[in-house]
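Two complexes follow with chain A in common, the first pairing it with chain B and the second with chain C.
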Partner chain A sequence: MKKESVQLLKQRVAGLNLGRYLALVLLIGIASFLAPGFLTLRNVMNLLRSFSFLGFISIGMTFVILSAGLDLSVASLLAFSGVIVALMQHWGIYLGHIDQLSFIYPIPFIFITVLVIGSLMGFVNGLIITKLKIADFAVTLGMMVFARGMAYAISGGRTIFGVSAANQFMGRGMIGRIPFVAFLLLFSIVVCSIVLRYTVFGKNLYASGENPEAARLSGINPALYKITVYTISGFFAALAGICMAGRLDLGEPRVAQGWELDAIAAVVIGGTSFAGGQGSVVKTIVGVVIIGLIRNILSLLGILPAPQQMIMGLVLLSAVILQSLGSRKRD
Partner chain B sequence: MAVVNSVRPNSTPLLEVRGIVKNYPGVLALDRVHFDVRCSEVHCLAGENGAGKSTLIEIIGGSYSKDEGIILIDGNEVEFSSPKHAQEMGIAVLHQDLPVLPFLSVAENIFLARQPKTKLGFVNYSEMYKRARRWLDIIQADINPQTPLGNLSMARQQLVSIAKALSLEARVIIFDEPSAVLTSVELERLFEIINSLKQEGRGITYISHRLEEIFEIGDRVTVLRNGRLVGTELIRKINKDTLIKMLVGREIVETTGEVIKKDKGKKRETVLTVKGLNRSGVFKDIDFKVDRGEILGIYGLVGSGRTELVRSIIGADPLDEGEIYLYDQKVKISSPKDAIKLGICLAPEDRKRQGLFLGKSVQENITLPSLKKLKRACFLNYKKIAGYASVFVKKMKIVTPGLSQKVRFLSGGNQQKVVLAKWLGMNLKVFFFDEPTRGIDVGAKEEIRNLIRELAHQGKSIIMISSEIPEILRLSDRIVVMYSGRITKELSRDEANKEKLIAYSMGVT
Partner chain C sequence: MGSLLYNQYEGYMREKFVHLLSDYGLYLVLLILVVISALLSPLFFSYRNISNLLTQSSFTGLLALGMTFVILTGGIDLSVGSIVGFASILYATLLHGSIFTFMPETIFIYKAAPELTPVFPLAVNFLFVLFIGAVVGSISGSISYKIGIHSFIVTLSIMIFIRGLAISYTHGQPLFGVPDYVSFLAYGTLFYIPMPAIIWIFASAISIILLKYMRFGRRIYAVGGDEEAARLSGINPAIYRISPFLFSGVFASLVGIMMCGRMACGDPKIAQGWELDAIAAVVIGGTSLFGGKGSIGGTIVGVLIMGLIINIMNLLEISTYPQQMVKGVIIVTALALQNILAKRSYA
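Moving on to the complex of A and B:
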């Protein structure tokens, strides 16, 4: 019996995947060595803010991937939400008042509207996937193109300059010396982690992601969970879009190009399984930070964007390979 | 005790392995195992789940590498580098879950990766169909080589695999629990084929959990236990009790004949009634009812619609027509969720694919449907959850190092216990069991049968599908027999016997 419990303990330690935390510490070490200013509070806070936007959509992506799905539309939804949040504060744009702020209605309602629109578009993703039984990949690819197109169409392809102070606060504001978005992200992480671990919803989501048929026979409706996770993903994309518009002080249809792939990469590097049913939001955030740090270090080294991209690709490949080797050993 | 009584002492075995050792992290899967197959013999391989049978045949089939030991073919040492290599050396393994490409035709499956070609290098279909036809004719399988393999029943898919093994000129053919997916009649047909393969001088290895089969088909039997060789014996020199003792290392009396009498006089309350159930092309005009505390057996060949029927009743598959009554109250069940709310559950046929979350812990698997009861306010109470799970681990005698052990690492019998355990704490009324003891070891089978009896004793209504005739005869109060989507006969316990079940399941009226 004693031997068995040692074996169990080993399994549990292996399950923690300490490798990625080690990588994190290593990266921080490298970064502070390369740039002496790296570990200053100011730089750390800046980094925190820059992680947050990707962080939001990666949280949504974690839910989707836990359900064995894939959401390619998040970055487009982010851009689309940024554009509508800006447009709703520039209602006069259609009347010719280009630079004046003119609210369609009070700002809190604007935020709520945008969050609802984002969630609805995610909901539509989920609905088509489950009701018409079309591959997640195909449906969200369509939504990705559609949402980006909508962002261009409603803005006329222009950048909409200037958002209100409240909106700016969402992206740039500080509480004390800590960026507001970082708080918002932390709050989201805590809420989502609790939902995933301590609610029936969370447990049923893991179950229907790992084995939908067994889940169904256990009295769970996997389709409902799938629709919900896409709605959550849409919600977080909209939230990221609002914050991003605040950070940039503009609504811009071209933002976050290719971020859906970064979000997927973050989830994968974090160690959430593509097969569904395994992983966590905290793991994903570790993935987000690793990606962010590598980018940061490469920039500190003065490496240009194109080779940076190449190196990121190699990092992603090696993360996937290491994971596969690791899981093979454990099985 | 490893005395080898060979069939023909002087002939060189077609295949022989000596001193095979295979290590997995933490487990010694095979410990110096010897095994051989001679020509014109059926050498059975037996052992409880986890005894090392599968590992051994995977090594013989070239899928796994061995850590120690040697493999000899016709007395010459060989080292298999891949399953393909083993195939070329004349070894064919017919796996339990046949790996097939369901959308390709029978012929394409047989000639996979070695299709006959035309002069220009394109696939020569007419030649391929012709050759496939020839091999299928040899085993008298009436199968069109052009049908997609997925359209065939499991039994017929197995025939295709045999044809493929013949076409590969396999001299040693290994059957890995073929009976798990076959009904009695199909099995007898398989035995005829095996016997004719034996006459031709091929060596057969036959793996099975069912003792009757070993005694019916085998010439010799090798028993493994916990990765060790218990012994190899000539079948005609041993009896059932000896073999069981070898298998389990402790004495279990298989109480095949014993029947528990029920108090028949009392009129019991009817719990579940179904009327005129219909699903086009699958089953038709199904009526039956189950009383409180009754075990209703459903017997039928694979493909008779029995699994499909119970899946439709609990709402997992659609139902075209028909009415379901619970305590005389008409109910509508459109999903398994509805069924569970009404107190009806199903322990499905394929536990790994439909019953379990293999990557999740014992605790998570057992508690999943009951989580709603294990909350404090909105949040799950892990103390309660662990308490709940451990109650059922103890009750079901699930052998596991802990509640957090992943179900993947449990043996088949313990996995099946987990599947059943999750329904026990939910106060359900009707239990559907689809092949509850398939593919698990003798000891676990007995425990699960006892559990089913106990549930009935507590007043639950049980509907059990089983392909094992002795099991269904022993447990059921009544048996309905299905043939090609219809119930052809209902038999009381006193009327039922093996001959009748077989006859009605083949459509004899």
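Moving on to the complex of A and C:
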């Protein structure tokens, strides 16, 4: 009897997956040890802002991975959206007016257009994957190269300097002492969590990710869900792109290179299973914070970008291995 | 009655046409591309352009050979481009053994003396780099097979890890100075055929023999087609799932050494994105991403098609950015065509 309850307790604790929270506390400890000013309100707010951009694409990635897919195109879509949002505010660039802003149409419509374009490119990903039955990573790899090429092509490989005040607010604005992007991220998390947990859509998404065949037999159309999650992923990539353009005050085709890996790592560290059907947006955000903290600590240690890249490769690999071993044990 | 017969006949012809298209379509595309290139530029058939085209295709071609083995067993290797960069800088380092004495001050790494101070005897340097490539490849293969993670995520991590390693250890600087016999690997000719092409042809021949005429090759197809069935008939899948990655690593490090000769230096930043070219070539060549279907011959044609497309875009003076876009479209289109033709010919 006692043995059983101990076992039950053990299972409960294992089910909580405390490892990642432990890692989080550990990383915060290391960071505040390395940099005395780490836990000041200002720095925390700064970090919050810098995590948000990765946060957006990781939310999208969570949806995709929940459906047992993978989206390698998010970082390129982010860069592409950043370039078009800047370009639409510099319409005169084609006439040689480089320095002054010239809107193609009012700024809210510009935002909407960019979000629609991002969603549309995600939609195309989903459509090709489901209708032509090509592996997810192959299609999104193609889209990754394509969108990055587009970003370079429409900007001529140049940086477009300066965006409007409204766009800057998206990236660097503050409400009180809290960055606007953090609010936006929080809002997205809440909405996505509700959608995933309390709506038919969410339940069906989990079902079709876990076992598409079973879902199909119980009247769900998994293809529809797959297309939707890629559209959502494209939407969030575009949103991140707009905010990023605001944060940097420019449109730049080179931003966010390799972020798809950080997003995947964040989702996996957060405990969303590659096999689909398991995980949540909130968990992903824990993963995002962990990834962000690792990057932050590496920078605090004065480690150059190339070795950082090396370490992030190892982090991703070990996250994937640990998750795979963990899920094997549970089975 | 007559119309029924006619319909049957038409259906038969259509089926035959689809079969022909899926069997010989590739060669048709190759032919069309050659004609287009020839029409675009009178210089296309000059010895210089053809040998140039062959040389450029050889590097992708060698990577694509390894990739074919990997994709035949249902995997994918995204790390090849990084291994090329790493092998290139590693080989250059081995040729300049004297820089090891300056190791604490890394600045000396890229101010290496022009005179060569090989670490090992010449051939051993060469083999050592190939060995490291094999080790990296088998690590990816083993992790992916033993732990049961899809290879693209493993090789993606290995890709950023290896590239980071290569760049961080020389601070991204190239290491100049290679001996003549290495330049010969990239620039030399034998009977008017450029050396890289000869290496590529030789490696292709070995791969074809291995895949077509040996037990090993047949088992690779078996494991790639249906691992469970292969296991039940007494094949140990581990060997056939891991060794393709080893081949891929070896081919990639060979390309790294050849690139050393081509650039006259070891450069950790070369070959970024070449894994995509290799994958595209393999996919164009008709090898299925699900494994078990495809051939080296198809891959060679795929490499030539890719090379011709790039050559045509260069002739049309299209800049590199749109070229990238076109590559993305090519990969997806080739996969889509593959699926559609496969569905038709088995329906």
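Here are some notes:
Definition applied: the second predicted complex is superposed on the first by the 318 of 331 C-alpha atoms of A that agree within 3 Å, B and C clash if a C-alpha of one lies under 4 Å from a C-alpha of the other, contacts with A are read in each partner's own complex, and residues count from 1 in each chain.
Following the convention adopted for this analysis, contacts are C-beta pairs under 8 Å (C-beta built on N, C-alpha and C of every residue); 3 or more make two chains touch, one makes a residue touch a chain.
This is a predicted model, so every value here is computed, not measured.
More residues of chain A are touched by C (comparison of chain B with chain C).
Applying the stated contact rule after C-alpha superposition, one finds that A:Met143 touches chain C and leaves chain B untouched. Of the two partner chains placed by the overlay, only chain C lies in contact with A:Ser324; chain B stays clear of it. In the superposition on chain A, contact is made by A:Val200 with chain B only, not with chain C. Using the contact criterion defined above for the overlaid structures, shared-chain residue A:Gly29 touches neither chain B nor chain C, since it reaches no partner.
By the touch criterion stated above, A:Gly277 is placed in contact with chain B alone, chain C being left untouched.
By the touch criterion defined above, A:Pro106 reaches neither chain B nor chain C.
Of the two partner chains placed by superposition, only chain C is touched by A:Met310; chain B is not. Note: no residue of chain A belongs to the chain B contact set and to the chain C contact set alike, using the contact criterion stated above. The part of chain A that touches chain C in the complex is made up of residues 70, 128, 132-135, 137-139, 141-150, 152-153, 156-157, 258, 261, 264, 274, 304, 306-314, 316-317, 320-321, 324-325, 328.
Residue ranges on chain A touching chain B, taken from their complex, read 1, 4-5, 7-8, 11-12, 194, 197-200, 203-204, 206-207, 210-211, 213-221, 277-278, 329, 331.
Chain C makes touch with chain A in their complex at residues 76, 143, 147-150, 152-154, 156-165, 167-168, 171-172, 273, 276, 279, 283, 289-290, 319, 321-329, 331-332, 335-336, 339-340. Per the touch definition, chain B reaches chain A in the complex via residues 25-26, 314, 316, 335-337, 339-341, 346, 348, 353-360, 364, 368-369, 371-372, 375, 378-380, 401-402, 404-406, 408, 422.
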